[in-house]
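Quick one: structure below, then a few questions.
Per-chain numbering from 1; labels A, B, C and D assigned in written order.
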Amino acid sequence: MTQLPRLPFDPLDDKLKEECGIFGVIGVTDAANFVALGMHALQHRGQEAGGIVTYDPATGFNSARRFGYVRDNFTKADVMDTLPGSIGIGHVRYSTAGSKGATAIRDVQPFFGEFSMGGCAIAHNGNLTNAHQLRRELIERGSIFQSSSDSECIIHLMARSIQKNLAERIKDALRRVEGAFSVVAMTRTKLIGVRDPLGVRPLVLGRLGESAYALSSETCGLDIIGAEFVREIEPGEMVVIEDGKVHSTRPFAPAPSRFCIFEHVYFSRPDSILEGRSVYETRRQIGVELAKEAPVEADLVCPVPDSGTPAAIGYSQQSGIPYAMGIIRNQYMGRTFIEPTEQIRNMGVRLKLNVNRALIKGKRVILVDDSVVRGTTSIKIREMILEAGAAEVHFRIASPPTAWPCFYGVDTPERAKLLAAQMTEDEMRAFIGVDSLKFISLDGLYRAAGVAAGRDPKAPKYCDACFSGDYPVAPADMIEKGFAMKAAE
Amino acid sequence: MTQLPRLPFDPLDDKLKEECGIFGVIGVTDAANFVALGMHALQHRGQEAGGIVTYDPATGFNSARRFGYVRDNFTKADVMDTLPGSIGIGHVRYSTAGSKGATAIRDVQPFFGEFSMGGCAIAHNGNLTNAHQLRRELIERGSIFQSSSDSECIIHLMARSIQKNLAERIKDALRRVEGAFSVVAMTRTKLIGVRDPLGVRPLVLGRLGESAYALSSETCGLDIIGAEFVREIEPGEMVVIEDGKVHSTRPFAPAPSRFCIFEHVYFSRPDSILEGRSVYETRRQIGVELAKEAPVEADLVCPVPDSGTPAAIGYSQQSGIPYAMGIIRNQYMGRTFIEPTEQIRNMGVRLKLNVNRALIKGKRVILVDDSVVRGTTSIKIREMILEAGAAEVHFRIASPPTAWPCFYGVDTPERAKLLAAQMTEDEMRAFIGVDSLKFISLDGLYRAAGVAAGRDPKAPKYCDACFSGDYPVAPADMIEKGFAMKAAE
Amino acid sequence: MTQLPRLPFDPLDDKLKEECGIFGVIGVTDAANFVALGMHALQHRGQEAGGIVTYDPATGFNSARRFGYVRDNFTKADVMDTLPGSIGIGHVRYSTAGSKGATAIRDVQPFFGEFSMGGCAIAHNGNLTNAHQLRRELIERGSIFQSSSDSECIIHLMARSIQKNLAERIKDALRRVEGAFSVVAMTRTKLIGVRDPLGVRPLVLGRLGESAYALSSETCGLDIIGAEFVREIEPGEMVVIEDGKVHSTRPFAPAPSRFCIFEHVYFSRPDSILEGRSVYETRRQIGVELAKEAPVEADLVCPVPDSGTPAAIGYSQQSGIPYAMGIIRNQYMGRTFIEPTEQIRNMGVRLKLNVNRALIKGKRVILVDDSVVRGTTSIKIREMILEAGAAEVHFRIASPPTAWPCFYGVDTPERAKLLAAQMTEDEMRAFIGVDSLKFISLDGLYRAAGVAAGRDPKAPKYCDACFSGDYPVAPADMIEKGFAMKAAE
Amino acid sequence: MTQLPRLPFDPLDDKLKEECGIFGVIGVTDAANFVALGMHALQHRGQEAGGIVTYDPATGFNSARRFGYVRDNFTKADVMDTLPGSIGIGHVRYSTAGSKGATAIRDVQPFFGEFSMGGCAIAHNGNLTNAHQLRRELIERGSIFQSSSDSECIIHLMARSIQKNLAERIKDALRRVEGAFSVVAMTRTKLIGVRDPLGVRPLVLGRLGESAYALSSETCGLDIIGAEFVREIEPGEMVVIEDGKVHSTRPFAPAPSRFCIFEHVYFSRPDSILEGRSVYETRRQIGVELAKEAPVEADLVCPVPDSGTPAAIGYSQQSGIPYAMGIIRNQYMGRTFIEPTEQIRNMGVRLKLNVNRALIKGKRVILVDDSVVRGTTSIKIREMILEAGAAEVHFRIASPPTAWPCFYGVDTPERAKLLAAQMTEDEMRAFIGVDSLKFISLDGLYRAAGVAAGRDPKAPKYCDACFSGDYPVAPADMIEKGFAMKAAE
C-alpha cells in the first residue's frame, strides 16, 4: 500500500535566508506593543525566534525571548505585561543552517549587559567576520559568554571599554569588529542606531507624532505602527535618540558604501522602500529586463509563488505574454520543523504548492523565480509542471547565478553546494531538466536597481559578492578556516 | 504618547466563511497521514479545529481532535502514533460566529457512535435545516447529545434505526434530515460518501494505485496525496467503498441539483476543479465579465489579496489596464484570536495589509475584491489607499450583492447586518466612500461559470440564495425562529 | 558502569485502590472553589483525574475535567473562572488497572446529560455489577455512550425514564442498577445525594451557615471548607437539597447495611469519622488487637509509611516495644507515571523509601503494614531492612489476608494474583522471607471496628468480601465472564 | 453566602528554608539519571527549581534548568536525552524570600563558564557574605553577569584567574570569597568538591562499585543511588576526583569548624547521617531533653507534622505520655504558588492540616514543633486544636528561640520579623495564646547533638548564630547595608 510522509517540512527551502530583523522605539506608551508590531512586519527577515527588551524606571530592564512567530508569542498578556516602559528594542532571528538543531534560547537577541553606569541592550543584524578571533581573545581575558552567538562579542567589548558613557562604549566596541552590522541598542534613556561603514544591511528612521522615534530594518516596520519615514541611517552613521532629539555622529573612517543588492532581489518586503526605490517596482523592473535579455515564445508567464510574482508581472508586461497563477501556494503551510530525508524531499513539494492543472495543460510555460541556490526546488517544480501536462517549461531567474557564499549576515550553503559554483548555465539547464534556463545578468540587475550604466567593476555600487565573488571585507574568520577568496582577475 | 493595540486580530474578516472540509481514505498504510494531508489541503474550508478517526483491528477506533491548524497538530508523533490503521476520515471546522467563544472540543468532528453491529464515524459538511426540531425529538426519546453541533443528530438517528447494516442506517438517518450535506463516514471496513439530493456542497472521489480510494471536499485534497481524480460524487448519490470496490446507490428521491455558486466565487481553492471547470479560470472570467459590465478609466488594477487576485488578472486582461500588487499581505498574520472592539478594528488593517505607497501615489486605482458582506473591511482599505495618495479609488466586486443569509453551511451575519440588504449599490458606494463601486450581475456570474445564457429564474442551475433570496430548501428551524422568506415575486 | 532507571515510578503500589471520591455543595458563592477544596481533601480516593460541574443561570452548566491533582488544575483562574455558580459537584478518579493507559478525558466524571426538563450532572463512587448488561441493552435501544465508564449507564437510564422530574428520573435509573453506589448529582436548583441499599461506600452531609449544604465522601471534605458535620446519608437514602432545605426519601427496598470494612482499614483518611468512629482510633485499635493476637519479642515497632502508622502506634502501646520511624518516606515522590518492568520495580523501592540505617542496625524490627496484596512491596521492604543490618524482621498486617477481588468500586488484581488466594500464611511468610508474618483475624478486625463480639457469620455488619469471599451482591457481569463465587460452606 | 479562597497556598510556611542541595557523580553510564535521583533525595533542600549539567565528548557540555520538582522535570525523555555523559552535577534551589517573584530561570544553577582551557560548571550551597562587593568590582573590570545570583561571582573570579588549570582556578576564586560554601564542580574529566574552612554546610563522598564516585549534600543522596557512604568532605578540604581516584588538598588557612546546628534540628532529612550521627536519633533526643527541661502534665503528645515527629516521639518516650497523631497532614498539598493576603493566610491552615477531632476533644495536648520563626503558624495551629475541643494546649519547641537572621545560606526573615527578637518566652506564649510554651535550651540542644557538656561559649562546636547572634564570619555585605551585629557581652 502507498505510504506518505507526515506533514510538515518545507519543500521549497532552496532559498538564501536573511538572518535578522531589528526594531526599536522610544517615547511611546507601552513600547513593547510597538516593538512587537515592528517585529511582525519584519518577520520575513527571521522566523525562528524573537526577543524584546524594554526599560521602565519602576522595574528596570525586562526581556522576553521566545521561539516561534511574533504573532504567537508577543501578543499574550502573560508576556507583554512583563515588558513595561516607553523605550524598547526587538530582534527576529533566523539561525544559520548548521546550528539549527542546537540553537538555544540563550542565543536569541537582544543581548543585555549590566555595566557600572547602567544596563544596555543590543540587537544586531549582519555578521561579524572577525568574531571568532575576538571571542577567543575576550575569553582569554576573562569574559564569560552566555551564548554561541558571535554578536555577543559586542557586549563584551563594551564591558572592556574604559569610556564612561554607554554610547561611547558602543562606538569603542563597533570599531573593533569587522563585517556587516546594523545595530539597534538602548540604555535607560537612549535609543541608538548604527550602520557599518559599508552600509551592507538596511536601517531606517521613522517618527511618530512630535517626539517619538522608531528604528527599523525596513520601512514596512514603520508603516505598521503608523510612523512617518524620515530617512535611512547612512552607512557609517550612528544616531542617538534621547528626549525627542536625534543626534548623529560618524564613528568610523569613511568608506564607499556597498549595500546588499540581494535586499532588492529577495530579502526585503515588496512594500518597503530601499534607497528611495520601491522594492516591488525594482523587482518588476527585473522582470522587464529579463524579458529583454532572455525572451522566449510561450503561452503563459507564471510566478513561482510568492517571491517570483513581481518579476513575473514585469516579464508579462514587457513580453505581452499573459500572466497567470499556474502554481498555487497553500497559505497554511507556515514554518517547517522536520528535516526530511532527500527522498521525502522529492515527494513533498505538493505540500506547499499545487499546479493549476486545467490552466497549464498543453501550454508553453515561463516560470519566473527569484533565485536558484542548490537547484533542488527547481527540479521539483519542473516535475510538477510537466506532470500536469505543460508542453514546454522555461525558467527565468530574477538574479544572476549565486556562486559564492555570503559572510555578511545571510545563510548560504557552502560554496561546494551552490549549483552555480559547479556548473555553467547550460549544465544547470540540463540538470534541472527544462527547455530553457536564463538568469538576469549582473548588469541587467544593476539597471533594474536604477544604475543605468550597469555595474562598474572598479567601484560597484552594491555588495554583490554572492554573484561576483568580490568581497568588500575580507572574511577573516573564514580565511583562517581555509576559505579561498576568488583569485584577482 | 501614542498607544497601539496588541497583535493579533483579523482586520480583514469581512468574509463569508465555509464551515467545513471533509476527507476520507481507505486501503492505504497509515491512513492518518493521508487524512492529515488532505485536511491540510482543505484547511481554507475550516481553520478553527480538526479531527481524525481511524480504525485498526488491533486497537479499534481511535480519534484525535484539536483546535488549530492541521500542520500544528496532526504532524506530531504523539498524536499520529495514536491513529493507526488503513482507513480513516477527517474534518476541518470553522465554527459559526455565534458560538465562537463557546466552542468546545466536543463539538469537533468526526462524531463517533458505538452500535451493536460495530462503530461508525461520520464527518459532515453543510448544515441541516431541521436539526433543532430533530434534536428536540431525539432528546425527548432518550438520546443524550455529546455536543452542541447539529451534525450529531445524524449519529443519533442512526442509533434509532432498525437496520442491521451501518450503511443502511446512514441512509435511514439521512432521509430524515433536511438541508445541505456532504458526508464522509467509515465503519471498520467501509468508507462511505454521500451528497444531499441538491448537491449543495462538493465531494469528489479519487483513486490511489489499484485499490485505494479517497473522498475529498475538493480535488486539491486529491492532488496533495497524489491521487487521481475519478469523478464527483453526484447529488443524491451514496458510494460505499470496500475491498477496493466502489458501490453506488441513490437513497433519495431525485431532484434537480443546486450546487453552491459561492464555491466558484470564493470558498474553493483556485487550483480545484468544480463541475469540470478550473476554479481559477472561472474567477479570472468573472474579472473579464466585470470589465465588460463595469469599465472605468484608471491607471492600475490591484487585487485585494489574496482572494481578489484571479478576478483582478481577468479585469486587467480584458481592460488593458496594468495589473499591479498595490496592496501587500503580511504572510505571517495567520489565524486571529482576540476579538477587538470596533474601534481597534478600525485601526488594525495594517496588521495584515500594507499599501505599496510608491506604486499607488497619484494613481487612479481599481481594486478588485471577491465580495462585500458588512462593508467594514472595504472602508479600511479605501482609507489605506487614499492615505497613500491614490487619486481615485474604484471598487469592483467579483460577486453580486450579498443580501440574504446562507442556511446551508456557510457562516453569514444575520440579514440586518448584510450591507446589501440595507442599501442600494449607490448607497453602498457612498457608505464605503469610493469613487465608484460595481458588483458583477447575477447573469454575469452565471456566464463566467459557464452558463452562457445567464441565470434561468425558473430553474437556476445553482443555489444562489445569498444573492437572490431563492432558497431551494425551506429553512425549517429558522422559520420557526421567525426568519421571513422572500415574498414570491 | 552502573546504570540506574529514571524517575519516577511507584515502587510501593501493592495496594488496593479506592476508585473515587465525590463532593457537592449548594448555596454558596463560587461553588467551584468549595468543590475544589473538598476534592483536594478527598484526593487520596482518586489521584488520576478530576472534574467539576457547576451551574450558573447566566452561562448554564459548565464543566472542566483534567488529568492530575486537584491542586495543579482546579486552582488556576483560566479553569476556575469558567466555573461560575452557587451549586456544583466534583469527582476525583482512580482508573482501574486494566484501562490505565487507555483512559481518556471523556471517562472523567461528573457525567452530564441534557434532558427535555433541563440538565443533570452526576458523580458516582462505587461500581455497578450489572453495568455491562445494562450498557448492551441501552446501545441496542439507541443510546450512544460517550465514555467507557460504566457509570454512564445511570445518565442513559435517566434519559429513558418517563418521569417528569429529574430527581424522580435518578430514582428510576438507580433502581435498575446493581452493586455499590454513592452518588452526588445536581440539577439547576437541586443538590442530590444517594447511597445504595447496602451503603457500601460512604457519603456524609454537612452544613455551612444557615442554608448552604455540602455532600462529601468523607468528613475530611467537610472540615476543609469549615462545614459542620450533620450526619451520614443512610444506606438506601436519597436526599434532595433545594432552597436551603433537605428532603429525605427511601427509593429502594430495605436491606441490612453492609458498609465496606476496608474504608476503616485503609481507604478513608485517618482524620475522617466513619459510623461515628475516628478512623485513626480504629486503626490504632487494630494495632492493639494485633499485639494481643500476634505478640513477638523485638526492639522496635516501625510503621511502613504512611498507612501503617496508626496501627504501629497501637502495637507499640500495647506491647511496650518502642515505636520508631525506621523507614523514611520521600515526601516529594508524588504520583507515578511510568510503568516499569518487573526487574526495575525490584530496584526502585528506594525512590520512595529509605531505611534509617543507624536506627535499624542490629535490631529486631516489627514492621506494621496495612495490607498485603501481591506481596511484591513486602519483599522489597524486607530486603531494605535486612540490607541495613536488622537482626530480625517481623511483619504484622493490619488486615486479614486479601483473598478475593472486590467488585464494588475498589481496584483489585484478579484472584490469581492475590497472594493470599494462592498461599497459606506460612507459605506467604516464606515467600516474603521474613522471620514471622501475622495478619489480624477477621474477628479481631471487627472488634477493633467496635463490634465487640467479632464477626457474625450469619449477618456480618460489614462487606468484607475481599477477606471472606462473602459477596453481598452477586456480581452479575463478572459471573457472565466466568468468575466463580466461593462455594457455600 | 460564604466565600472561600482558591487553592493553593502554603498555610504552614513559618519555617527557615535551606536554600540549596548539591550533587555530583563521575564514572557512571548516564550520569544525568544518577544526578536526578540524588537531587530528588535532596529535594527538601530546595523545591523551587533545579538544574543539571553533564559532559559528553560527542556533544560537549549540556545543561537543563527547570522550575519545579525534580520528579516533574528530570524524568522525561525530552529533557534527559539532552543530557548524555558519564559525569554530571546538579543543584536544587530555594530562592530567597525577597526575589521570589522575580526569580528567572537564569538564576538556576549550576552556572557554567567556557574558559580557554575548557568549560567548568559549578553548583553552590551556602551564601557568600562579600558577594555584593565582589560583584561590583567584577563588573567594573568588564565582567557581564548572567544572573542575579551571588554564586555567579565564583565563575567570574575563575575567569580572571591566571592559573592554567581549572581546579587551581577554583581555588583562586574560593580564596576570594567569604561566608559559607559547599561547592560541587565539574570539568570535562574531573568532579570536584569543596567545603569552606568552617564547614558550615554539609557535603559527603560516596562510592559506587570500583571507580565511580558521588558527592552529595547529605547521605540520603548516596542511599538513593545505592552508593556506599565513604566519608564527609572535611571543612576547608577540596577533593578532585578523576580516573577513579580521589585527590584531597587544603586550599585555605586552617580554622576551627562551625557546622550549622540547624541542619540537625530541621534542614537535613531524618534518614541522613551528619557527623556520624543519625539525624532522626538526634531529633528524638531533643525530644527527650525537652521532656526533661520542660515537663508538663497532659494526655497526649502530638507532633506538628511532619518535622516535629521525631522530637514528639522522644518527648513521649521520656515523659510516658502517649504519642498520637492529633494533626493529619494532607499529603497532596505539595508546593504552593499563590501569595495570599495575611487574611486568607489566617483561614488557610486547613488546606494542609486537619485536626483529628475525635482524638483531641477534651484532652490536654502537648504539641511538639521544630521551631517558631514569626509565630504565625503556631497561632493557626493553636486555633485549630482549641476549636476541636482540646482542654489545654502546650507547645514544646525542638530548637531555641530564633532571634537572629542567618547569612550563610538559609532564608530567614529580617530580624525585626523574628518573634524571638521582639519578645520574651512568656510574651511569645501570650502572643500565641497557649497554656505553656517552652523552647529547648541551647545547652540542651548541644547535649542532644552529642556534646555532653553543652555549649562552650568560648569555642562553640557549631554555628548557632540564629540562636546566639554569634556569627563566625562577619557578614560584610550586610554590615555595609547597616546590619548591627550583637554587641560583645
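FYI, a contact is a pair of C-beta atoms (placed from the backbone, for glycine too) under 8 Å apart; a residue touches a chain by one contact, two chains touch by 3 or more.
A quick note: this is a predicted structure, and the numbers were derived from the prediction, not measured.
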Query - Distance from subunit C to subunit B - Cα centre to Cα centre, in angstrom - result: 51
Query raised in the report: If you average the CA atoms of subunit C and of subunit D, how many Å lie between those two points?
Result: 36
**Report entry** Rounded Å distance between subunit B and subunit D, as computed from the means of their C-alpha atoms
**Finding:** 62
Query raised in the report: Considering subunit B alone, which of its residues make contact with at least two other chains?
Result: none
Query raised in the report: With chains as vertices joined when they touch, what's the shape: line, ring, star, complete or other?
Result: ring
Query raised in the report: Using the touch rule from the top of the page, what pairs of chains touch, sorted by label?
Result: A-B, A-D, B-C, C-D
Query raised in the report: Residues of subunit D touching subunit C in their complex?
Result: 1-8, 27-30, 33-34, 36-37, 40-41, 43-44, 47, 69-72, 74-75, 80, 86, 208-209, 212, 220, 223-226, 269-271, 273, 277-278, 280-281, 284, 306, 309-310, 313, 317, 322-325, 328, 330-334, 337-338, 350-351, 354-359
Report summary line: Residue set of subunit C touching subunit B in the complex reads 113-116, 136, 139-146, 155-156, 159-160
